[in-house]
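Take a look at these structures.
Look at the two complexes coming up: subunit A is in both, with subunit B in one and subunit C in the other.
On to the complex of A and B.
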């Protein structure tokens, strides 16, 4: 009886459920929030600084700043600015090209070594290799640059000539003149070696977390190690590997010293990877910063701002990629 | 909980008793003097057991008695634990599966396994999960649609999922996921199926369905099931082996027809366990 009566009675509005956190919890929340916001604020301030410094250059040069490929600042005898033509088109292309080569070469090697370390290496070899790779990740990029210039260049040049000889029908393996030294190809390979450690570390950590019950399920179905990795580990780790590759890409895009050492900086858009001409935005800034007048410094800040925005766009795209392809295997 | 032995015995008696050597299919499995270690810890001592073709054997015993470890020695899953070691022989149709030069993937194809926690592959659809063994073991099969339907039917899941084969396995309930895992292990046509507490994570309704499935499967294969649930052992098995550890390595105390284990066990320790005096 009462049940029926209750049904006909009015349904109450949902209550608001609140809790009062303890003081210690509130304080901790404050501290953590502060830490979290700090990096955001610092990043925002850097972007703001670059924008303020570079804005007048961008409004003056307009779109040609990213499409043209010149870097001329002419001053009169009093040191005042007479004429300027500034554009970082070639450097943007170079940034893309060199980073792309680094990713295409570096990521597969990194994924293979991560698989080796997780599923094949044992005991001492495993421990030794893992600490070696972590050490490599902390290596100063200048040393990679030196090594690339003094040691690696010669053999890389030889490979470049081989590629050119047999694959010059592909436009990006063709060259306008037989200059193979200090090309985007070689810089890309040096960067590839630079990003291998970080991509390997991240991939290894993610592969290591593959749920054991799925691994065992695969083996119990008669899987070999290869088929188990393909069916279980790769789907699970895909998102993490893409994330690691994007961190590597970020490092490659912003890399300054190594590229500056290895690559021949030329103000000319060059898509031909084997040809000794190129440059990237960061190496341009390094090259020009020392002798730049105030106006030119602002222009370099503007270039920095473009690089900053480019990196943000690439990272946003990486997030999209991870969400699109990464979640499924989890 | 105090269970009267006679009630379990009557449950066991309801099963049609099957005797080895009479019209049975599947492969026989036999262990001789199996010992197991993890590192220096001796966890299983001298287990010799026969699993006749086409029978269902339940392994019972308190936690830590080595029954799951023993089960995992039967299809060489034991060796996945880094420090695991083993002595003795496991004979599948008379051949030692630990003999040098044995292709372990072939052994695991013939001796399938269902785990305690349902573990479908989340990156695959329901249909892909069932057929995943073919890909993993690199087997060629022509009529996969037929195989898919027959495996799901035998696992008692076909009617529930036939319209959702393209959905992901994770969308199913726990009990359905476990039956999906059973269907998956059937697709590679094993002769022996090992089940490691397959119902311990499931509700009674799902448990009932899985037990029905086991009875159905027992017509065509040899089944070894580890269970904590003595009623379950009584309901599904022809034979029951009781394992026990007194702090040292686990030993197999008694192996008898299930109705005998629950009505008149030979060993005092078995009687104490099945009547609920400990464990």
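On to the complex of A and C.
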């Protein structure tokens, strides 16, 4: 009796059960969360600083900065600004034109090769091809640009001439003068080659995730490979593939060096894809930066801000499509 | 006791040799037909068709008719007609031996094969071009000299790219010093803490990887160069590259950390370790080779980046080991300058030589990454 009583008196209060992490963990979690915020901070800073430099241009030029297509800065003898007409309309049109060609040409090829890699290639060949395509995705744009200029241009020019010969009744295959070199068509093809590896690997990953039971159910019902892909893989992976294409679009829109080397950057709105004149916003920045005065630099910052926002929107849509609808079908 | 001979198991699903040889001969046939189609106008050089009297034409050269009908010649014509003929031949062969559904199925495989071939042609062309044109620009002195006293049009033996190698190394190293911790912390947040913000942060990392490289350059100009240092220098290049490198490192590191089995984390916690001790003592060491892969892929991503360096580094031709002041050369700038300011044979050889060095670097980095990620985790 007494023994028990004594003991009960000695039992310490039970340790408080808590989910509160220790100090070391709290510090650790704080540091990691802070590091995790870095992408938010950096993206915010990019928007902030480009706006600080470029906002007064946007407010002075208003909407004409997007719609107009002139780039004239007139300074008086003291170097002060006298008059300016700045607008990136032509370059925006060029950006969309070139990346549209890249998407139209690149995505079908990429999806077909992803189908090949997922459903036809086997064993060593499959592994080898996948690493080759991943390697190609890591090639710098400089390499694509100069390869496009020195090697690819010749063939592409010939194709452009053929297209023009047989399809010149279509307005976008017509040319005002027979200059086929350095056209948006060729730049678009080079960009298509650049985005094929990216779109291929994303599509391949999506196709790989197709549930095996559905694939085998389709085969068990007597589907051939074609009907299986049409009935199971395409509905399942459609969203993801579209997302991958958007990602490629974002890449193509922001491309600087490859477009600058291949395309003849001319400041005019040009819808005729085979004619050797065009441009995009990024190549405009590179072209004008070297000789730009302070006011022009601010205008280039504004152009950069618009490019940044555009690519951000495209990437956001791509991300949404891949994560919401990628790998979800009927 | 008689020994029973067990027959070797067959593999009925494998394509038989006979089938293979049939397919092979079909392809050869298609190539011959396509070649004939393309060469037909040449073969029929002087052949002439005489039309009956009631037709409006009198005498027409046969080659002209064939060319008007097919409208093809050259390599492109051969490629297109080869593909169409081969596809058609396989289609009808399968149609004869099997049914229409199987025949349609072969169409898809033909087009898938076409897709992968079209994907591979540029990569083969790019690599062979760089090697064929680049080896002329390679000589031992390249790695010991800079371009301070030479112009790009000087003979190949003079000058070199030591300054560019040093500049690229310093800038990439600087970018790595900043972006590796940030990238790994982001990956840890996404895999270990998995807080409420994990989803938005994942999205932001994705969005950041889509930031155009020239915008990264403009950002550094507007935030650091104009307001603070007022001087173009190597470290500004590092900062610009950091922005491009963080998403690659964060995403690769995240994938690698997800590969670490949860058992290891649970074992750590079960032994009474705090989360910090578990991650620093168990998870990160287990993911070591994965993290090295992340570094390598990050470096491969930025080593050839050109646009931001053109804006912020000033692009020097002389050896400059001080990243904080003075223009600094880099491999992409070296290539860029040789292509754009040169114009002579020597300048092009120099540029392609620089490209070859860059490509070899990318090959090595990529091979290392493959080797490391191919090994077992842990």
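As a convention for this text, the second predicted complex is superposed on the first by the 276 of 330 C-alpha atoms of A that agree within 3 Å, B and C clash if a C-alpha of one lies under 4 Å from a C-alpha of the other, contacts with A are read in each partner's own complex, and residues count from 1 in each chain.
FYI, a residue touches a chain if its C-beta (ideal position, glycine included) is under 8 Å from a C-beta of that chain, and two chains touch if they have at least 3 such contacts.
This structure is a prediction, so every number in the text was calculated from the model and none was measured.
S.K.: With the two complexes overlaid on their shared chain, look at subunit A and say whether subunit B and subunit C clash or fit.
M.R.: They fit side by side.
S.K.: With the two structures laid over each other on chain A, which partner does A:111 touch: subunit B (first), subunit C (second), both, or neither?
M.R.: The answer is second: A:111 touches subunit C but not subunit B.
S.K.: Per the contact definition in the header, classify A:70: touching subunit B only (first), subunit C only (second), both, or neither.
M.R.: A:70: touches no partner chain.
S.K.: Contacts for A:288 in the overlay, against subunit B (first) and subunit C (second): which applies, first, second, both or neither?
M.R.: Neither partner.
S.K.: Between subunit B (first) and subunit C (second), which, if any, makes contact with A:220: first, second, both or neither?
M.R.: The answer is first: A:220 touches subunit B but not subunit C.
S.K.: So which one touches more of the residues on subunit A, subunit B or subunit C?
M.R.: The larger set of subunit A residues in touch belongs to C.
S.K.: For A:196, select first, second, both or neither according to whether it touches subunit B, subunit C, the two together, or no partner.
M.R.: Only subunit C; A:196 stays clear of subunit B.
S.K.: For A:126, is the partner it touches subunit B (first), subunit C (second), both, or none of the two (neither)?
M.R.: neither
S.K.: Quick check on the superposed pair: does A:232 touch subunit B, subunit C, both, or neither? Answer first, second, both or neither.
M.R.: first
S.K.: Counting only touches as set out at the top, which of subunit B and subunit C does A:161 meet: first, second, both, neither?
M.R.: Once the two structures are laid over each other on A, A:161 reaches no partner at all.
S.K.: Please give the nearest C-alpha separation between subunit B and subunit C in the three-chain superposition, to the whole Å.
M.R.: Scanning every C-alpha pair, the shortest subunit B to subunit C distance is 5 Å.
S.K.: Counting contacts the way the document defines them, which residues of subunit A are shared by the two interfaces, the one with subunit B and the one with subunit C?
M.R.: 224, 227
S.K.: Help me check something: in the complex, which residues belonging to subunit A touch subunit C?
M.R.: It is residues 21-22, 24-25, 27-29, 31-40, 42-43, 45-46, 49-50, 52-53, 108-117, 119-121, 129, 131-136, 138-144, 146-147, 150-152, 155, 158-159, 162, 166, 193, 196-197, 200, 224-227, 229, 247, 250-251, 253-257, 261, 282, 285-286, 289, 297, 300-301, 304, 307-308, 311-312, 314-316, 318-319 of subunit A that touch subunit C.
S.K.: Within their complex, state which residues of subunit B touch subunit A.
M.R.: Those residues of subunit B that touch subunit A are 75, 77, 80, 105-106, 108-109, 112-113, 115, 117, 119, 121-124, 132-133, 135-138, 181, 184-185, 188.
S.K.: So in the complex, which bits of subunit A are touching subunit B?
M.R.: Counting only subunit A, the residues touching subunit B are 211, 213-214, 216-224, 227-228, 231-232, 235-236, 328-330.
S.K.: Which residues of subunit C touch subunit A in the complex?
M.R.: The touching residues are 71, 74, 76, 101-102, 104-105, 107-109, 111-116, 118-120, 122-123, 125-126, 129-130, 181-182, 184-186, 188-190, 192-193, 195, 197, 200-201, 203-216, 218-219, 221-223, 226, 243, 246-247, 250, 274-277, 279, 297, 300-301, 303-307, 310-311, 332, 335-336, 339, 351, 355, 358-359, 362-363, 366, 370.
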